[in-house]
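For clarity, chains are labelled A, B, C and D in written order, and residue numbers in each chain start from 1.
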Amino acid sequence: MANSKYEYVRNFERDEHLLPNTWIVVRIDGRGFHRFSDHYGFQKPNDVRALDVMNSAARHVVKTLPDIVMAYGVSDEYSFVFHKSTTLFERRNAKLVSTVVSTFTAAYVMFWPRGFFVSAVETETEREKGETKGKKKEMEQQQEQQERDLDVEMIPTFDARAVCYPSWENLRDYLSWRQVDCHINNLYNTTFWALVQRGGMSQTAAEESLKGTLASDKNEILWSRFGINYNNEPEMFRKGSVVFREYALETTTTKTNAGKTENENLPEDEKPVSVSKTQFEKMRKARQKAKIVTAHLDIIKDDFWLVRPWLRSGKPGRPVE
Amino acid sequence: MANSKYEYVRNFERDEHLLPNTWIVVRIDGRGFHRFSDHYGFQKPNDVRALDVMNSAARHVVKTLPDIVMAYGVSDEYSFVFHKSTTLFERRNAKLVSTVVSTFTAAYVMFWPRGFFVSAVETETEREKGETKGKKKEMEQQQEQQERDLDVEMIPTFDARAVCYPSWENLRDYLSWRQVDCHINNLYNTTFWALVQRGGMSQTAAEESLKGTLASDKNEILWSRFGINYNNEPEMFRKGSVVFREYALETTTTKTNAGKTENENLPEDEKPVSVSKTQFEKMRKARQKAKIVTAHLDIIKDDFWLVRPWLRSGKPGRPVE
Amino acid sequence: MANSKYEYVRNFERDEHLLPNTWIVVRIDGRGFHRFSDHYGFQKPNDVRALDVMNSAARHVVKTLPDIVMAYGVSDEYSFVFHKSTTLFERRNAKLVSTVVSTFTAAYVMFWPRGFFVSAVETETEREKGETKGKKKEMEQQQEQQERDLDVEMIPTFDARAVCYPSWENLRDYLSWRQVDCHINNLYNTTFWALVQRGGMSQTAAEESLKGTLASDKNEILWSRFGINYNNEPEMFRKGSVVFREYALETTTTKTNAGKTENENLPEDEKPVSVSKTQFEKMRKARQKAKIVTAHLDIIKDDFWLVRPWLRSGKPGRPVE
Amino acid sequence: MANSKYEYVRNFERDEHLLPNTWIVVRIDGRGFHRFSDHYGFQKPNDVRALDVMNSAARHVVKTLPDIVMAYGVSDEYSFVFHKSTTLFERRNAKLVSTVVSTFTAAYVMFWPRGFFVSAVETETEREKGETKGKKKEMEQQQEQQERDLDVEMIPTFDARAVCYPSWENLRDYLSWRQVDCHINNLYNTTFWALVQRGGMSQTAAEESLKGTLASDKNEILWSRFGINYNNEPEMFRKGSVVFREYALETTTTKTNAGKTENENLPEDEKPVSVSKTQFEKMRKARQKAKIVTAHLDIIKDDFWLVRPWLRSGKPGRPVE
């Protein structure tokens, strides 16, 4: 009973190999997460517990696929960045997309019912913010009571796509685009829910009153009407989450290779640029652990990238002492 | 803080819209399931419990994505067939692939830890096989003892791809290819594990002794050495699993529209072909329930398709009386 | 001096293999042919000489690429149909598109300066239209005086694309789409230029007066104001041109396999359908020559296809007696 | 007679938009040029007349498509480089490929029969090589006698493909790959035909005797047996042809932005690097004409690119004084 008679159908399979030497971003997005978040009673405007599940799932993806140099997530979306030199799965589109989204989904479901919420905030930035952290702890405790298992009728699913970015500048702009989006949405949502939850407005009225407002208007509303200083809101909410492998931070760097420009092959003898004492100390501490880190930092400015050159080079940095 | 400066990165996104009027098959495959099955102690050559999780997950996918007309699964793979007329997600490749694989994965994980194993065998074919079912029950009981939750270190993931088949014949040949593969692999595995488990052979010796053997040789080994009649093995093992929406089976059909030929627009006045009394009775019973069915039937021959014209037409059949 | 250091750039090449078992149409379109036709003083609304160059070039393409079963052209566009079973160039998109457009372009330039205008009308349809042919001859003589070589500053170029059609019905609808377009445009242009050339209207006035008119209105204008019976216009203008390999026409056919339906595998014992004596005689004559034919026929109705089953089957017909 | 019934077929058309911010190379290749060159009696190993037609056609393509920054050709192939910022035809693959190959083909045929052979050598490099040029003239005269028009039976056609290169380095390596290929093939062919034409060997014997030889061996054969110094062979043969728009050459440049590295955004205050007096004089002369230039230069080393920064930047340089 040979199979050869039917095997011709293999000829219908088509593989798209993504262009070499381009940065591959696989972005996953929650499907129907508005309904999903209602169903499980997510806190508004942000649910720490839900974000932690997202972050844990992302960590798991980064851990199991070492070709991923970093991931950036906000709300129910996460972007996974494969280094431009990756040859994983021969860069086949469907294989990359399906593997990332399947691994993420499995991890999300796994981490959900077990009450396993990694503390996504054990990073250098967060450790200094006792205040913020205290606030977050509080939220988590409130939420714990509502914790429940997943219903078969409402299981979390994600879609995904792969996009290629030819240059480092394009990649940086992509990530900046997502983080700006995070900021715009979070400022809006924070104000909107303050008006509803503390201001007693209906959702329609709140929406109406925010039409056409600028960022400064929203900051003003938050402060004058609710005593909220937006800048004191948790960084996870304002900046989203970055997941990456941490090595010894670099203390020496130059103006030239700082930014988004294309000069990758730099002379070896470049002079170090001085960094502030505070920064240096911070870096030293950070070097103490080498692991996958979830942080809530500004990834638009060059600083984040300057001290972590391995993200761009794709080469593992020096192990943390 | 406008986002317009970065939004140009959207231009890098590319959508592949799959060719209209073609059958779309999204096939998912377990990643590293050899190691996975070892880790969780799957029974060899087939683990009813694991197959049931696959089938449950597939049912869930078919249920939540009505554009899927049927699914066919064997071992750790499942093929989901979208009707050629589907316009779901504008037929975007990445969206179809990622949604199917994410939904399947989520369901697989969901159904695993809960001990929720749908009886994949409540179909007309199975209901008559008391013997087979008894055997299966037994297996399930043995396995129940070993049942354990999923380890974070070893979570099930799947990759996936979409393939277009332009004609009904191509689609049928694709499905036949998978079912012939199921048969070839299962006959081999059944013989191999009989040699190892009951014949006391090492795996290497068993492999060696099966080299170059024909199907008839393997049947002979099973019967003469172990008293196993391969044809009495559970149908789920020998034929794989078909998942589809069941409507009232059609009793009238013609020779002409039976097969894989392309004549879709048939004269309305065709004469009914007589069906055996046994078959008719079987069909009558099957009509009694309208639901998503998991069956273990021959899908290579025309019979399966003849009585279920809705699979090809994509139009819901008459509701089951 | 090894080349291996640079050869990695080959990895950037991507081949798109068009889906098997689909009809491939490569359509070429004149680039900037409005300006081109002005430059060379094409007669309006139709220039026999220019259409003949198009048809000659198309014949050449069909002749040199036997995998093309037929071509259909109108104005400055031509569609080349590759049989769904073709494996030419492994069905690579760029190779098919570039070969067709390059061959067409070369032939177009070749046939232009030599005053080589194949008589595109030696077909069964045309041979009976003494009147039409007389008219055409006349036109050609008028044009001959204006004939001139091509300027380097204004050389004819074409762009091209390949499209896949999964079913015979889709292909037929594509060709019908082009022929209906031919009709709509030609009726409009014939009326427009009659108003301008014979009615003394400005082009703007003519355009204005035709706004919102139906086909019947245009027919009426042509007849009542200019004594033109549109149906007597040359068939090449009204129907475009079909280029194909001619074999012995089939006299026997059945209702069932007539049309656009998908029933390709028909019983061998089908009864012949009677054809009118006139038709039969016509066919007999047509059988007398086996060659590449350029005709101006209705390809929307089934008749054209019924008597030329080799166009659909891709198998050469019986040689013309 | 509405066309709407058929217009759905438009949905089958698919456009591939090439990834933004990548260098697009459209490479055309002669189809069956071995037979073609035999048919028209091309001189071996190189036919100046035929190369000139290639170069003239390429010039025409560069002239009519200003988005092309340069072209490089050897033998019967030509590569056209679109700047990475081009948005021509919305970067649609088929449109770019078909337009380039159609324009090239039309020009090739146009330039062939008219005896219009542009002197592809009016460049700074060639003008100094009286000797080489004298040799070339001689060849041209010999060939003139054999000149004949194109046969309809043997018309020149080309296929084409588009490839994207994400970085400047990749593009440079692509072009280097082609030029190294040119060198390897030309050294081989020069030696091979010397053995045959002057050494009286059969082609088989010549092929046999060259098996396994290194570049140095071939140089030695040429010199010792035929008194040929390979380095005195015409540059067009040894280096192929570059076609580009010429602006005022840049005299100041730096080590840093010389090469293939990615540092595009350089500090404005960089110090000029001294160039040799000979070079400077050469540049000065070259600045005297602003036009499309066909040259035969080394494009592997950085020098060619250093003095023509507009090729990389895509911005027109200063007009030639």
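Keep this in mind: a residue touches a chain if its C-beta (ideal position, glycine included) is under 8 Å from a C-beta of that chain, and two chains touch if they have at least 3 such contacts.
Please read all numbers here as calculations on a predicted model, not as lab measurements.
**Q** Between chain B and chain C, which partner chains are common?
**A** A, D
**Q** Could you tell me which pair, C-D or A-C, is linked by more C-beta pairs in contact?
**A** Spelling it out, more C-beta pairs touch across C-D than across the other pair.
**Q** When chain A meets its copy chain D, do both sides use mostly the same residue numbers (more than half shared) or mostly different ones?
**A** Mostly the same residues form this interface, as more than half of the numbers used are common to both chains.
**Q** Determine the centre-to-centre distance between chain A and chain C, using the mean Cα coordinates as centres, and give it in whole Å.
**A** For chain A versus chain C, the centre distance works out to 56 Å.
**Q** Centroid of chain A to centroid of chain D, CA atoms only: how many Å?
**A** 47
**Q** How many angstrom lie between the centres of chain C and chain D, each centre taken as the mean Cα position?
**A** 36
**Q** List, in ascending order, every residue of chain C touching at least 2 other chains.
**A** 12, 14, 19-21, 164, 170
**Q** Graph shape for the chains shown, where an edge means the two chains touch. Line, ring, star, complete, or other?
**A** Drawn as a graph, the chains make a fully connected set, so complete.
**Q** Which of the residues in chain C end up touching chain A in this complex?
**A** Counting only chain C, the residues touching chain A are 11-12, 14, 17, 19-21.
**Q** Which bits of chain A are touching chain B when the two form their complex?
**A** 1, 3, 5-9, 12-14, 16, 28, 31, 60, 93-95, 97-99, 101-110, 113, 116, 150, 152, 155-165, 170, 173-174, 176-177, 180-181, 183-184, 215
**Q** Mind pulling up the chain A residues that touch chain D in the complex?
**A** Touch residues, chain A against chain D: 19-22, 84, 164, 166-168, 170, 256, 261-266.
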